[in-house]
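Can you keep this structure in mind? I'll have questions shortly.
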Amino acid sequence: MSKQESMGKPFRRLLLTGAAGNLGRQLRSALAQWADVVRLSDITPIGDAAAHEEHVVLDLADRAGVDALLEGVDAVVHLGGISVDAPFDDLLEANIRGVYNLYAAAQKHGVKRVLFASSNHAIGFHPTTTVIDADAPLRPDSLYGVTKCFGESLSRYYFDRFGLETVCLRIGSSFEVPKTARMLVTYLSYRDFVELVRCSLFTNRVGHAIVYGVSNNRVAWWDNTKAAFLGYRPQDSSAQFDGMFPVQAPTVEFDDPARQFQGGPFVVALPQS
Amino acid sequence: MSKQESMGKPFRRLLLTGAAGNLGRQLRSALAQWADVVRLSDITPIGDAAAHEEHVVLDLADRAGVDALLEGVDAVVHLGGISVDAPFDDLLEANIRGVYNLYAAAQKHGVKRVLFASSNHAIGFHPTTTVIDADAPLRPDSLYGVTKCFGESLSRYYFDRFGLETVCLRIGSSFEVPKTARMLVTYLSYRDFVELVRCSLFTNRVGHAIVYGVSNNRVAWWDNTKAAFLGYRPQDSSAQFDGMFPVQAPTVEFDDPARQFQGGPFVVALPQS
Amino acid sequence: MSKQESMGKPFRRLLLTGAAGNLGRQLRSALAQWADVVRLSDITPIGDAAAHEEHVVLDLADRAGVDALLEGVDAVVHLGGISVDAPFDDLLEANIRGVYNLYAAAQKHGVKRVLFASSNHAIGFHPTTTVIDADAPLRPDSLYGVTKCFGESLSRYYFDRFGLETVCLRIGSSFEVPKTARMLVTYLSYRDFVELVRCSLFTNRVGHAIVYGVSNNRVAWWDNTKAAFLGYRPQDSSAQFDGMFPVQAPTVEFDDPARQFQGGPFVVALPQS
Amino acid sequence: MSKQESMGKPFRRLLLTGAAGNLGRQLRSALAQWADVVRLSDITPIGDAAAHEEHVVLDLADRAGVDALLEGVDAVVHLGGISVDAPFDDLLEANIRGVYNLYAAAQKHGVKRVLFASSNHAIGFHPTTTVIDADAPLRPDSLYGVTKCFGESLSRYYFDRFGLETVCLRIGSSFEVPKTARMLVTYLSYRDFVELVRCSLFTNRVGHAIVYGVSNNRVAWWDNTKAAFLGYRPQDSSAQFDGMFPVQAPTVEFDDPARQFQGGPFVVALPQS
Amino acid sequence: MSKQESMGKPFRRLLLTGAAGNLGRQLRSALAQWADVVRLSDITPIGDAAAHEEHVVLDLADRAGVDALLEGVDAVVHLGGISVDAPFDDLLEANIRGVYNLYAAAQKHGVKRVLFASSNHAIGFHPTTTVIDADAPLRPDSLYGVTKCFGESLSRYYFDRFGLETVCLRIGSSFEVPKTARMLVTYLSYRDFVELVRCSLFTNRVGHAIVYGVSNNRVAWWDNTKAAFLGYRPQDSSAQFDGMFPVQAPTVEFDDPARQFQGGPFVVALPQS
Amino acid sequence: MSKQESMGKPFRRLLLTGAAGNLGRQLRSALAQWADVVRLSDITPIGDAAAHEEHVVLDLADRAGVDALLEGVDAVVHLGGISVDAPFDDLLEANIRGVYNLYAAAQKHGVKRVLFASSNHAIGFHPTTTVIDADAPLRPDSLYGVTKCFGESLSRYYFDRFGLETVCLRIGSSFEVPKTARMLVTYLSYRDFVELVRCSLFTNRVGHAIVYGVSNNRVAWWDNTKAAFLGYRPQDSSAQFDGMFPVQAPTVEFDDPARQFQGGPFVVALPQS
């Protein structure tokens, strides 16, 4: 039996890029339930491949490699590229050329949908005293954030021009536990992350959607009302970690821009040329 | 003791039109708690009348009959008329002439409030990738939907001109169980339906309100924030029925308009002249 | 030479309904420049037919007659029906059944566009102390206004479902000269009316548009910014008629609803059943 | 050890004005947990001072007294002044001159933040059939409400000009139990009130924020989405008190303005000059 | 003949406060055309009274005096009070107590309308890089601006409660010629000022309106679309004065707050206690 | 005398990139009036240098070269890069790497302001039946348009992070005469283009502004209200060229996407990889 034939799971083949990373690892078992074949790619080795897995090590800036990577794929969860601030030339290769290569290949091979790991750093220069939704203007807080804006614009074009759907996941901070007080606000539990991916993959139509990847934390900067058609209902909250960050009067570091803007420390880092 | 004198229930007389229909039957026991007398009407026989009930069989297009029907009534739950797509001439009689007759008589007899069963088909041409609220522009998906827009406009006029209040209930899909995957989104449980009617009847002032009649389902296309003054808090969710509709990749029937717009199959049916 | 073949004018055949009325007469010479054949219809005789004209006397409620009327037509300027308040049964035939007949026939015969004479009375219950645009909610001020709302909803359906385009012309008061002080605000000169029709017919794409038919008067209740893609730039102003209405302190008839709402005297008239 | 040195609590010194009032008393034990020193002021005696408390009896219209009151203070919970309608001259002294004195002194002494007890009466002329959020225009329902608007404007100035932060708490009705049916909507439990104060004091940055002080009641007129960055999640609901107010048909007192506007009885009281 | 009887002009008696000031003087001849009797008041002597004029010298903080001042008045143009920044106690008397006195008396004596001279300083903390309209949130730039916000809130209350109409004229800079480069943006010619007063007095219904008092200058910070129902069309522009302010590169005083906010030098002045 | 010293013109040194192009040539004489020194750069030779000009031939992808180019510059008019659709790798070098190089260097050298030639193709997938303003979401119609979105996002970052101001000029079609019927809508005369540059350079504060570069044409898709603080008032209209494009009925090429979206032929071109 060829892998092209369905073995009864909803998807024949899903592609996960950035599979060796922190979030990529969270998705592997879930993807196995949803697709007959799970193709995993990363720039670094991913580890042992399960029977239903195909592993590809490649640089997203390699156009021919990415073209081959997308062949036979139903849908993509694109976590690949650089996920922190970095020198512009590196970001250019991974997050601009790489994302272009991905969409060009996806369109060529008839891929139906991409889940694009955007970031809260695409809107990190909104103040922490505002609550924004999917229509808030882009306010990148770093060169990294600017490249995420690029991915959002590029994917919008591929949707308007070719009907290739994208869900832009503006991920907050997805770690086992929050590392800073700011992350109590931006925390996305692994369980909620997997659920958000599930909703984004299985909703029948998504168009070009923007959704904030965040758990049901007590403090909220982001309003997902406009993405309610995805059916994402977070189950977790950072409240369980409140004790990790001792209560302080707000006068401490009052004027620190890292406290004034949603992007946190990104807004004060200097661009790396 | 005359029926005009209160027997201690909040309303003296409530009128329910369309009483023989599916939703009408759900309301009979609730109405009995709220009104001394419940007047029930339908174009078909309604069955045995309880002691507190008055039954009237009539066609809403019968102006004189409707005039008599509204006499002595405090408030109306108007479920009557045609609730599916139909030839225009039939819709014209039931949903245009009939609704006019109802409002003209209600105004003449000093009725204070009407609960008008509008429909999601008044806005069914909004895409399933958007979330709309009470201020979304009308986008009927069928001639049936157009007649519901008529009812909303007509009732707005009677409120602005005479102070006759209306709650337009844009009902989703109210059945024992959802019949299609789409109805997981539009599902309104009978219990929530009755509660929505209760809120709409007892809120002290409603003006001319628009509220979506939908349970607390996981996926939401409709945002009831602007109707929060009604106090409607749905208790049920379609999540219990998820298993009835096997999970599918969204590539199935991807371009079917019935999947692209909120109105579902209505948007592809042809008008019946 | 058959009439079907173009004689070099932009349109082969334009249909004007309500051709015998006040505004219909203003359009005849203009239409002659734009179409090889101008088909004129009205419920009353229209007068002598010019060589390029086809005259049809019919009641819009006559479905078969309207079906024949639309055959071979490129686009319609629909001024027909009742243009004042009237008993509901009359409005029902002319402005509801008649408009349905028109759109059903237009869709059947592949007509590309309708200019629908809506009215300021579709929004006449907005106060005179507000400025509204095309997205203002419907607030009809009369049963007549309600039927205009019906036409707007019905035409929206035919656009969303079949791509049949409509420009809803919410006409103010188009007369030789204003007849009341209110008409200084709502005045639409004949010249500007013809220009608005020209823009609505010749703009390459109009979708389903709403535009206020009003000249460049000093006082403005209506903001046409959202219809700027039509290119309508009124040339006239009611300022030339200011002298007809002596200046008064606003205390006169201060509480008259006819002064408080945009619909003027319509908002106080009673519905005629 | 001087009081200026921290004893380990988040704040060194918090000032509570209006400490002898109903709501002031609810806060005393909470404030003790958050600050080494709690300074309490009121125009009437406050009772026995605990070890960590400083009591000051003064009239807020006393500029020099207020200046001294603010010395050494980190943050203020300003409940002082008149909290019901009153003759204008009294309101002027307490709620206009007094609030000015407070802000002028706070700015002079480098206070970082004020929690200003505004009121739903600053927006009480919004109808009960609308749901408003923090951006709704001011619609005071009384001279008292006008003075609360003054406090909101004045505090906005001190934030824009000097960076002195304020949270305007538009308090509903905070009592042990609701006293009227209206208060089922406006009810703020004491527990939720204390939590709202906690959130407003400890959120790192608040800018100039407006938040409705209301519990999670079934009926809602006020939408706190824009203040979600404060992390206020009410725990209580007035639903437990529903039984206190027998169900009535809405026809009772239908036209009473006190039922039509959010301000309730305030909107019909006459100004006291 | 008593002055109470109309001599044929639209108003019987108009009251102008602040009549001895710069703008007050511009209005005297115009008012003479519109009212049989023009009552002028100021805190300083106004000069010789014409036959149709009544002169009253009084302090607006004098309640009884203001009460008498409003007797027999149809409408008021309220330019009185302090129109620059000043010590708070002075502003309190003139712009808070004085304005209250005016409205309390106007309501008592059945006055129909007040034109309230508000100021751009009520919104002066909006940046010069934004364009705001009548719905922009209040952002006073000075204590003076805060008192103008008070007047806007107070007049809103008197309209909602008693139907007493007000037009809030947010006047820019009305002088013979602009005195600074900033005033090229805020310039209101005397002729346009008089026209704005005329529109505000004669429009049949104004409700509670907000309009920016500014000429048709090349640079615009303020958008009067929402006040288009007043019919105000400025005839003048500051462009004629461009030559008075030599062209400069924007780098000069780039970071000066007086250049960053619409309020200009007001935003950097310190409050005077 | 050193060039660093002012010779009395408002700017010491202005940089114009893309100086050899069509629009670049229109600016040379104007820039000479505004700056002592005009530095011109292009990837191709620019022609003879006037006494006040410095010519630099370089590729914007050359980081060191661009760094040197920005030294000593007050403000930049950035027309350089590729201004039509092109293979992605070419766009990447010119419009992504090149724009990054420009901003990195501008920030390093303390340049105060950049005028960035964005394009209507950043929003070209908005339908021609809508009117959009500066807040419309990005809808690029081509890879070229996507790179203009990148420039808008990058410049937003440099403003939020470093205060480096940018005016994004979303230029329509700036040619001697319109070349297609579409360009009657998008036409920007050379004279209006120069005026728009003048306004953008000399307005004291611009922040990060978006303005549509279009003349006062009869048909308008773009609303510049939010940029009114720039003082740009176009003097020309494409109406003079109406005769070049014979009037046609809109049925011609009715379904051509190039007629349905503002981007015109760009929306149907295929990306060039």
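Which chain is which? They are A, B, C, D, E and F, in the order written, and residues in each are numbered from 1.
Definition applied: a residue touches a chain if its C-beta (ideal position, glycine included) is under 8 Å from a C-beta of that chain, and two chains touch if they have at least 3 such contacts.
The model shown is predicted, which means the values in this text are computed figures rather than measured ones.
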Labels of chains that are neighbours to chain A and to chain F: none
Angle, in degrees to the nearest 5, of the Cα rotation that carries chain E onto chain F: 120
Averaged-CA centre spacing for the pair chain C and chain B, given as whole angstrom: 32
Chain centre separation (chain B, chain E; CA means) in Å: 51
Centre-to-centre distance between chain F and chain C (centres being mean Cα positions), rounded to whole Å: 41
Multi-chain contact sites of chain E, meaning residues that touch two or more partners: none
Contacting chain pairs - touch in the sense defined above: A-B, A-D, A-F, B-C, B-D, C-E, C-F, D-E, E-F
Contact footprint of chain B on chain A as seen in their complex: 10-11, 74-75, 112-113, 201-207, 209, 225-231, 233
Residue ranges of chain C touching chain B (in the complex, touch as defined): 63, 88, 92, 96-97, 100, 104, 125, 135, 137-143, 145-146, 149-150, 153-154, 156-157, 160-161, 267, 271, 273
List of chain C residues in touch with chain E within their complex: 127-131, 181, 218-221, 223, 247-251, 254, 259-260
